[in-house]
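Okay, handing you the structure first.
Chain lettering (A, B, C and D) follows the sequence in which the chains are written, and residue indices restart at 1 in each chain.
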Amino acid sequence: MAEKKLTYAPLVHVAALEHMLNLFRANSLWPMTFGLACCAIEMMAAGASRFDLDRFGAGVFRPSPRQSDLMIVAGTISKKMAPTIVTLWEQMPAPKWCVAMGNCAISGGPFEYDGQYAIVPGADLIVPVDVYIPGCPPRPEGLIQGLLLLQDMITKGEKRNVFRRFQRRAEKGR
Amino acid sequence: MPEEALQDLLYVAVFLVAAVVFAVGPLIASWLIGGRSAGAKREETYESGMPTIGSAWVQFSVAYYIFALIFLAFDVDVLYLFPVALAYDKGFVIRDFVEVVMFIGILSLAIVYAWRKGVFNWQRRS
Amino acid sequence: MSFDDFREELRKVVDPAAIRASDHGIKGYSLEVTARSDQVGRIARAARDTDLFLEAISGVDFTDCFQVVYFFNGFGAGSRVQVRVKVNKGESLPTISTVYDAALWHEREVFDLFGIAFDNHPNLRRLLLPEDADFHPLRKDFGKVHAVRSTDEIYGDPTA
Amino acid sequence: MATQLPEPIIEQTYYLNMGPQHPSTHGVLRLFLKLDGEYIIEADPIIGYGHRGHEKMAESHLYEQFLPNASRMDYLSGLIFNHGYVAAIEKMAGIEVPPRAEYIRVICAELNRISSHLLWFGTYIMDLGGFTPFLYAFDDREIILDILDRVTGSRLTYSYCRVGGVAKDVDDEFIAATRGFIQRLRSRWEDYHNLVTKNVIFIHRTKGVGVINREIALRFGCSGPVLRAAGVVYDIRRVEPYSVYPDLQFEIPTGTAGDAFDRYMVRLQEIEQSLRIIEQALERLPEGPIRGRAPRNVRPPRGDSYFAVEAARGALGFYIVSDGTRYPYRLKVRAPSFGNLQVLTEMLPGTLVADTISILGSIDIVVPEIDR
């Protein structure tokens, strides 16, 4: 497991302020355009007209890590690409989150067998991952569910995320 | 210092302070309440994830500079149009319109001049 | 038609015994040439003059030797040619990148995955693996492989 | 004494990595550019960032186990790769495929080709700055993915074609949905042309940019729309006909100048031709079984064979050396984008950096297919 996020806590730490900031951060995640392989196409489909990530504030795909706070590792991580991923992760300003999209990013997926010489089996070996989205490739709905889960993690609880668009059916009844 | 002068100076001072706070404020706020990321590569310049090769302090062609100049001219020009937009069609519609057209017309002479001088088509240097 | 001209050119370069026509429907190529490594340059030049393009270069690792398989193809029907060259382990092949620019990368890939060197290739370095890799993955002695065969077991007749 | 003038600073060049993480390199391709101001002096595409070792995997996996890999190499036209790999084994092992399965394969392959071209259309125009066509194209592409999802179970990486036939039969709703899609795309075709083809900015960015003529294409082994834009009528579906393509009528669109605009026009006309193919295939879809008597475990005879298929990007080839067992001895995949990408080393020097994006986008590459 890569060493934990290596981000220093803010100097001024006021709970209410922190919660408010997390609320805004959660509902305006700016992912970095970072497609490695097949999952990148499903990420694009999620950003396109039908599945539309903009409904959750996560549709603004920034090309540079300096302006993004979410890295979606979408695709197979080859050994030649691993140092670049770590560089991009370190060049992202805090607070930042990482989503491992697809089986290749979770555990090497269909390409992991004992004779494999070319891939890094899993993004969590090189960057700290917050949400894992299984699937090969995961459907855009899967990616959206992963992002919703990440938003709940950021605001530390679904009820606290007042901007959340989709209530789980169980809660809505109560 | 007569009374009104002091009061006018006060407006200027307030405006100045507001500008400084507006500019420096977010920097300090984000430094205080936002966390800071760490990592060896954090300070390096971002170049699609690759280490940069050689330095970027090289001599560029002058066309870049002239491009910037023309942009600057029109950027400042927009600055002057804000008050015009506020005071537009308060009775003298034709006059305002003619004045704005003249203003922009003279400024766009700069572009015509640059165009004629061939700044916009990049010469091939082999 | 350019393909027949190529067949004539080929006769001048390689002795006709080494040229065998094969059924395009089954094999996918209509000419099968077994060449020596020093004839490769002239074959490529003959193909280039008769308007064929280099489709692929692929290495195959056997117990007794490497085999480098060139595929040339024309724009007409059924005009794919397979040229098989036997290369002993440790030997190298002359490059054809002076004739076909496509060979620049194909040869780099064969060098990268098999370790077969191509002499006077302008820039022979690894193509796919990271620069500091020190192994050649597609060799049968590397990693997990089902079986290692000799050329006789597969092609039945010992190639020249 | 006159002050000593500093010796003049010579015009310096600098290196730029249009590197693995770049919005318009369509995957993890790294263009190592030596620049002089806006001009490219030297361009060296560095690949390998998407290398997964498919060919090594094939040597330790059964023929059937390698099926999922085939469509993950070029995930945009995954079904054509899947069809190509399966057809290569069938030809080598002499396995008969019932006609209904052949027609279903052609219908799904052409739908996949259209979805690949639509995705290229969306991303290419987005590279050149227009965002709306991307949403139009993806909207239509989603309908194709729904149709294929219904019968194959996946949207991008298909294992639908199996040795000897296809996995699942198509039902009437699939046929109705496909016909509906053909109507819908034809009705919206006017919008695509009005939105982009007649746009003056697009024409300036692509007309006369990145001219690849017949001679360059020959030297670099280009294929597919890149070669056809240079005026060469070379399409594997016509030159080495496979499956049921011989009894379907369709033309091979070609360009004249071979510039980025011609490649654009060729791909759009190819979409229209694919629609025609699907229509004919739907009418002639025979009844019957969808899987022939394929043996439980596939064991092609000893020897080697090469099988070519027309993928969305060009001539895709499978060179299989078999040692008579159930494991391929060597599986070489001839990737169409390999030759198409290599042309950049010749096209880019002397152009502007902005033209790089236009040329690279018009060539339409998929990186894991090049790196295998």
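Rule of thumb we're sticking to: a contact is a pair of C-beta atoms (placed from the backbone, for glycine too) under 8 Å apart; a residue touches a chain by one contact, two chains touch by 3 or more.
Quantities reported herein were computed from a predicted structural model and do not represent experimental measurements.
Q: Name the chain whose C-alpha centroid is most distant from the C-alpha centroid of chain D.
A: Centre of mass proxy via C-alpha means gives B as farthest from chain D.
Q: Report which of A-C and A-D is connected by more C-beta pairs in contact.
A: A-D
Q: Just the number, please: Cα centre separation of chain B and chain C in whole Å.
A: 60
Q: Approximately how many whole Å separate the CA-defined centres of chain A and chain C?
A: Their C-alpha centroids are separated by 45 Å.
Q: In whole angstrom, how far does the Cα centroid of chain A sit from the Cα centroid of chain D?
A: About 29 Å, centre to centre.
Q: Centroid of chain A to centroid of chain B, CA atoms only: how many Å?
A: 35
Q: Which chain B residues reach two or more other chains?
A: 49-50
Q: Give me the residue numbers in chain A that touch at least two other chains, ranges are fine.
A: Residue numbers touching two or more other chains: 80, 84, 88, 113, 115, 117-118.
Q: Give me the residue numbers in chain D that touch at least two other chains, ranges are fine.
A: Counting only residues that touch two or more other chains, chain D contributes 19-22, 48, 51, 53, 56, 60, 371.
Q: How is the touch graph of the chains shaped: line, ring, star, complete or other?
A: Per interface graph, the chains form some other shape.
Q: Given the complex with chain C, which residues does chain D contribute to the contact?
A: On the chain D side, the touching residues are 47-48, 51, 53, 55-56, 59-60, 91-92, 217-221, 232-234, 239-240, 302-308, 315, 317, 319, 321-323, 325, 327, 329-330, 332, 334, 338-339, 342, 345-346, 371-372.
Q: Contact residues on chain D for chain A in the complex?
A: 19-23, 27-28, 48-53, 56-57, 60-61, 68-69, 72, 75-76, 119, 122-123, 134-136, 138-139, 141-142, 145, 155-157, 367-368, 371
Q: Could you please specify the touching residues of chain A with respect to chain C in the complex?
A: Residues 79-80, 113-115, 117-118 of chain A touch chain C in their complex.
Q: Quick check: in the complex, which residue numbers of chain A touch chain B?
A: Chain A reaches chain B through residues 6-12, 14, 17-18, 21, 64-66, 84-96.
Q: Considering only the defined contacts, which chain C positions touch chain A in the complex?
A: Checking each residue of chain C against chain A gives 129-130, 135, 137, 142-145.
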